[in-house]
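Chain nomenclature is as follows: A, B, C, D and E, assigned in order of appearance, with residue numbering initiated at 1 for each chain independently.
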Amino acid sequence: MSLLNIETDRSKYPVKGEDGKLQIDLDSHKYVKLWQGPNHPGVTGNMALELTLAGDEIVESKTHVGYLHRGFEKLIERRLFVQGLPTSIRMCVAEPDSNEYVYSTCVEQLSGIDIPEMAKWIRALLLEMARLQALLRVVPGQGGTFALGLGVQWGVYMRELILDRFEELTGGRVYHMFMTPGGVRGLLPGGFKKRMEENLKEIDQFVINIDNLMYSNSVFKKRAIDVAVLDPSWIDKYGAVGPVARSAGYNRDVRKDYPYLIYDQLDFEPKVMNHSDIYNRSRIRWYDIQTSVDLIRQIMAKMPEKGDIKAETPNVLHWRIPKGETYVRSEASRGEYGLYMVTDGSDKPRRINLRGPSYTQAVALLQDLLVGANIADVAAIMVSLQTCPPEIER
Amino acid sequence: MKQVLEKLSASFEIEDIVYQRDDLTFLSAKKENLINLITHLRDIEGFSHFVLLSCVDWIEDDKFQLTYFLNKPEEKYDLGIRCMIDRKEASMDSAHHLWKQIATYQREIKEMFGVDFPGSPGVDEPFILEGWDNIPPMRRDFDTKQYSADTFFPRERPKTNDPKEYMKEQMHPGEWGEYRKEKK
Amino acid sequence: MSETKNNNKFENPHYAKREVTGPDGKQFIVDPIKDYFSDERPKVYEPNSIPVVEKFLNWARAESLWVLGFGTGCGSIEIPPLMTPRFDAFRFGIQSRPTPRQSNVFIISGYLAVKTLKRVIRSYEQMPSPKYVLALGSCTINGGMYFDSYNTINRLDHYIPVDVYVAGCMPRPEALLAAFNRLKELIKEGKGEKANEYAANFDWYKENQKKIIKDWNMPDYNW
Amino acid sequence: MSLKDTLIPFKAWGNLVKKPVTLKDPMREGAPRYRGFHKNDVDTCIGCGSCEAICENEAIVMVPAEGIETKDGDSGLRPLVDYGRCCWCGLCVDVCTTGSLSLSNEHTWICEDPEELKYIPGIDKKPWDEKEEGWKKPVPNYHFYGQERVSMEEMEAEERGDSFIEFVKGYSKEQAQKEADRCVECGICVATCPAHMGIPEYIKAIRNDDIEEGMRVLYETNPLPEICGRICTHKCEDVCSVGHEGDPLSIRWLKRYIADQVPSDKYKEILDTQKIYKGDKKIALIGAGPASLSAAYYLSLLGHNCTIFEKLDKAGGMMRYGIPEYRLPYDQIDKDVKYIESLGTEIIYNTNVDAAKFMELKENYDVVYVGTGLHLGRSTAIPGSDHEHVFQSIDLLREITEGKEIMVPEKVVVIGGGNVAMDITRSIARLQKIKYGKVGVITTSLEKEEVMPADREEVVEAREEGSIINPGWGPKSIEIEDGKIKGLHVVRCLSIFDETGRFNPSLDEDDKNFFEADMIVESIGQGMDISYLPEELKEKIEFGPRGRINVDDYFQTSLDWLFAGGDMIQGPDVIHGIANGHKAAIGIDNFLNKK
Amino acid sequence: MDFDIKRLGFTLLGLLIVLNWGLLMSSIMRKLGARVAKRYGIRWFQPWLDLVKNYALRSQISHGIMFYLGPVFRIGGGVGLFLFMPMIIGSELWLNYSFHGDLVLLMYFQFFGMLGMALGSGEGGHPYSAIGISRGLSQFTTIEVPMTLAIISLAIQYDTLSLIDIVKAQQGGFQNWTMWTNPVATIAGMFSLLGALSHSPFNLVKAPNEIPIGPPTEYHSTFLGVLQTNAAILHVVEAALFMNLFFGGATNWFEFILKTFFIYFWSVFVGVVFPRFRIEQSVAWFLKIPLVFGVLAIILYM
């Protein structure tokens, strides 16, 4: 009903000054300065948004991070290559396996080690499982930002099932530390595939349920469609990757573009959409769940039964890598996840630098995307970009 | 891609080309040419995706290495461009106008390494640290373990024993170690 | 207000005392530090003088634990499983609250960056007494993985009093539930008085906190 | 807002009639592979500290544990795990050299006192000690360091069987570095090595390709690396922690690798001994064996003038005259000796020291050091052992070295199970091969195969070369017919020591055997010859049990000017001699400084 | 109007029953919601524990006098609504003081608590409280529109504004309920009930993911206890209001409990499976569908 769409009075909004910055005088009582986070249930993880509001509308936003800064890159500079593994994976708690993969692969690439075939399959399986468990949290989480907690409850339970399989396979629930440089730390336990298949069946049902609950939900659609629309030209301008880029029509998936491990032997097609609003960005992850489930099935069917799990490596206590540098990327649930490693011939890395999708998406992109948004949509926009603060500050 | 690099090396004084992988090349550029080079790569050569900007401290050479990492999505090709700058009063031209996220990288590098990027928005604001009053922590000469031990009240723990030294004490007290007697 | 050290280097312009003009044209003075914070020191609260009443109240406190939903570190990823179908902590009287004012339990879920520590102290102080702290994982005990990090604290008990420690990196939801059970036992035994301990040793805690938080730009006690 | 989209979410209410998925009892067991709290089998653990080395969080500290004794191959330390640091990565389990460390699948530990959260697994009893499940070292083919020894190139048995040329080739650089890479740098070997050589340090030097540093480490405690690198009894390898699950490091070959890399003219430069101080103190050393050479080397470095008196015409003592050339080529002995000589030590050959000469030395020198070793062979004293064709191995070996022709019949029996017995076996086998084209040696010993004192590889190689090693027999008598030896009667030996641990072999007289032979070589041990000591001194010197001279920690006898070392005091082996010499040098220096 | 101690006693007893029923109802509703999420949910006595716990907390801070008065106004609104609400029809003693006031007074009391909160949470100084209360007030205003239209329709139908009279008119059988006699007004009323009970999609006031948790952000210990007490009373009384208006009232406590339960359940039923509206969407929604029904109800009974 257009009658109810009242035109906002723009005269009270801040204008840009000569230095290109918005002129906001908080003492004028026109604006409210609002901190969302770090203690805020709508903020993903432990980060903060400094919002300036005019009414319900955000006129300026700043991302504040550093609440989770542990100085990983510094710490790994003083750890042996093998010791860097348990440290590096904690850079992102939501999906630690990508860290494991990129870290170990960097080490292997720089020291010229090829890992055995079996290890590749298990790594791919772990990566897909990790993607699946991350998506099971974030897809219903989009509903959660709109107070649809039900999907979250279901989703976290489904994630638990995958975590059970992780525990069985790797011995760890959240931090698996399974892809040591050179290979993996074990074969699939007996009966694993059967139990996994049972879980996947439940997830298949969950996918339908979540479609009914969220993506067909009239109120959800009303909240999500055409909100926070991302212009396709912003993708390269802001370095957006993964589902965000794919929702805007860019078919970019590291698994397809730079096939690593055994992804070239798998049959899948990442979903691409052409209108990047909250609904589509979330929906594309819902399709990703299905892709992941399908890939796990493919991997379990195609993987060899037996094989070496680890290549021969130098003694890990004094593993030296000659001077060199490399960049290894993988596709996390959030998009391109890469690690830049520089070595200097010693037994410790000279420098590592992680490139997480959130680094650009939660700072530069989120800040600009939030301008003009409603205060009620902040959490939803954050989740739709799948921000993960630990990978911003590391 | 090799032809492109050869063509560029003439006009932008590129050196040290390392073909790390089929799809990844590292090269070095001079500080003066760098912004022009990446602008050229972005606008003419189609390196539209900026992957990351990183900094490496080569304290023994008294240099900082800035690495600009570009990606060409069409050809699935990566280019890492190294740029060595002086460590003392380190400063580099800002590239924030090329990609939006570069401002964030530059802000972080300013904070963590102390490399200045004049003109980059918000580069002087603290990004991650709060109330930091020491040298930038990512520099090699900052000893994080020492700092932590001095600052954060570590808990007392039993002293660890080196098996070799402990066995000497237990099995051959006073016998070994005297061997390194000084020459007169 | 007792002693407010405003290190000039870290002075926040928003906290400066200033004269402003209201929308109605009237001029008035704003002193955010005074306006936003209470300057009252925490008090030691005596338990109820009648033991039976106190026992009953402790029982109610133990069975109704409201957790502050502040995920300070990576351990917070195990809080959602706790609150969802698999473990369903609701049936044990554990619920989460988004505001410190209404919470009784603070789960320090792992490492604390110095920047977070500042927020944790503020949140902790805002929680009404009696309040309890669960410390998860190695990081809170002796620094854990990040013992040599320049930005994370090593031992939590120097900054806020801790009731129960849970070993693990990170602790599983099962361990978390066991910790809640232990906390309940402690409260029922009348041992959940760490908030009073904080008030009694307030100066010592403040001294430690200020040593770590270099930009102490708030009053000593912020309600 | 279509009606369908408004109604379809209500489907979720269907769950109302389904059973909740909540765990009724949330306390689950961890998965069989779960990485929970630490367990340690303290009896298997050797306290090598590899877990401490790999822990990125410094969560593990090595502490002395109650009830665990420090002994060879066991440091007596046990890991203490600090759960204020641990991250449960399990790398400590994966690297554990003995496989004693594991993780249980127990995952819940709650406490109010943070100090409680550290303990010594296995020593401090915990509820999960008995749990079977949990993270164990992954199998198979998952190793954090090489399990297999890098094999050295050797001549084939056929090739080497008829020649005295050294048959074990040294490591190449790649091989040495690969082998050195397996070291976990625990240092447990150092205590066991009589000379306490800096083993981890020189192995590290090999890894770093820093041979000069390696040389410096070697010469800190051992002036005969070329020799030791070949024939050392490598007690260090027996206790090597890597040897618990894989092959022990070949520490001896690595030592040889370092010494082999350096030409002798570089020694002085590398070891910084171009210019050394020389004082006015004079020391006489009797016998040019390892003990004296080692003492002379360190005394030279300390600025003393040393003179060695040697009965034979070459230096090296038992190393030269007791060990066949195929194991220790003479030019390698010369290399080490030459360097010691170049530091100012004088060796006077062909000088037999008797009582008179000894008193003369006492007058002319400040200190006398005796290192005359064990050159008298022991006899079995069985019937017939006084026959002229019953030889002492030690005499035969010396004669072979001196180039004398010795008796080599077609059939020989060697009695003895030590390294010397193997040396003579293999030497005779070579001579037989040269002479007859075939080998006819039977070597028998009291000890069973498993407990034979000889090195394993010696036995294996002797067999490869055609000798028959038939251990576990006690010699009974030698059958002599017409003044010629026919063979050796033996009976089965059941055990060698009685319950009290004394040497008292029990024999099974019913289980008999007979080894045909034309010649018998006894190689069951050696005794010392101290007849050169004047009688008046012998009375003053204290002797211990078994006729050995009593010495203090610094090998000073009860006569303060007389020091003794080497096989006659400890051993018998080269490395003890070297260690004695080194220590005696310090003792002598202290004594002279006090005087 | 003379003072009747007996009536006062019954009224207080009724308040006690309503309070406890409110607490129990909230725990049952949460358990039902938990079931949909495939879990068990809280224990049935959890609300009492929470209440005791909150009253037993030791420290409390005030932000000023209005901060104190906020919860007092709020519970004043709840209890006021109760006082003028007939509970059990047919028993003089359970009618409370309903004959002293009419529907207009009740609607005022419905709004009264919200206004009180506005003042109190405003004093609290938290921006989320301010945003929450402004949302609450604007949403409640729009809720009132269809509700008022429905009530006007009823007033026209029954020719009275007295709630007792409206209830009494519905007695005598199932078919006499307003639900059947005036279904359009019932629909408008039930839609506005969704808003009044503040469940999803209309829980904008507390909106934990957006403005945690709105007006009560700063309230704690005893203040929060008072607010919880009020919530328990208010939810039952709101349900009772709609029961009286549309579903024939209750003739005994069992009927009362059953009817209030289902009326309240209606909002939970919708709330569990729908996300939250934005404030302008919520306002627009109330001014669209329920308003149409409200207007229709008046037109039909004009």
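Assume contacts are C-beta pairs under 8 Å (C-beta built on N, C-alpha and C of every residue); 3 or more make two chains touch, one makes a residue touch a chain.
All of these numbers come straight from a predicted model, not from anything done at the bench.
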item	value
Set of chains adjacent to subunit A and to subunit E	C, D
Chain closest to the middle, measuring from C-alpha centroids that were averaged per chain	A
Most distant chain from subunit A, judged by the mean position of its C-alpha atoms	D
Pair with more cross-chain C-beta pairs in contact, given B-C and A-C	A-C
Euclidean distance of C-alpha centroids - subunit C vs subunit D, Å	60
Subunit D-subunit E separation of Cα centroids, rounded to whole Å	89
Between subunit D and subunit A, distance of the C-alpha-averaged centres to the nearest whole Å	56
Length of the line joining the C-alpha centres of subunit A and subunit B, rounded to whole Å	24
Multi-chain contact residues (two or more partners), subunit C	84-86, 88, 91, 98, 115, 141-143, 145, 147-152, 155, 169, 172
Residue numbers of subunit B (touch at least two other chains)	128-130, 137, 142, 144-145, 155, 157
Residues of subunit D touching at least two other chains	9, 12, 20-22, 30, 56, 82, 84, 87-88, 114
Each pair of chains that touches, named by its two labels	A-B, A-C, A-D, A-E, B-C, B-D, C-D, C-E, D-E
Subunit A - residues contacting subunit B, complex	65-66, 69, 71, 73-75, 77-78, 109, 236-239, 250, 252, 257-258, 324-327, 336, 338, 340, 342, 350-351, 353, 355, 359-360, 363-365, 368, 393
Residue ranges of subunit C touching subunit A (in the complex, touch as defined)	14, 18, 20-23, 30, 68-74, 76-78, 80-81, 84-86, 98, 100, 111, 113, 115-116, 119, 123, 145-146, 148-152, 169-170, 172
Interface residues, subunit A side, partner subunit E - complex	1, 4, 32, 34, 40-42, 56, 143-150, 153-154, 157, 213, 217, 219-220, 222-223, 374-379
Of subunit A, residues touching subunit C in the complex	26-30, 33, 38-41, 45-46, 66-71, 74-75, 78, 86-87, 90, 93-94, 137, 152-154, 156-157, 159-160, 163, 173-175, 390
Partner subunit A, residues of subunit D touching it in the complex	1-2, 4-6, 8-9, 11-12, 21, 30-35, 50, 53-56, 87-91, 94-95, 103, 135, 138, 141-146, 181-185, 204, 207
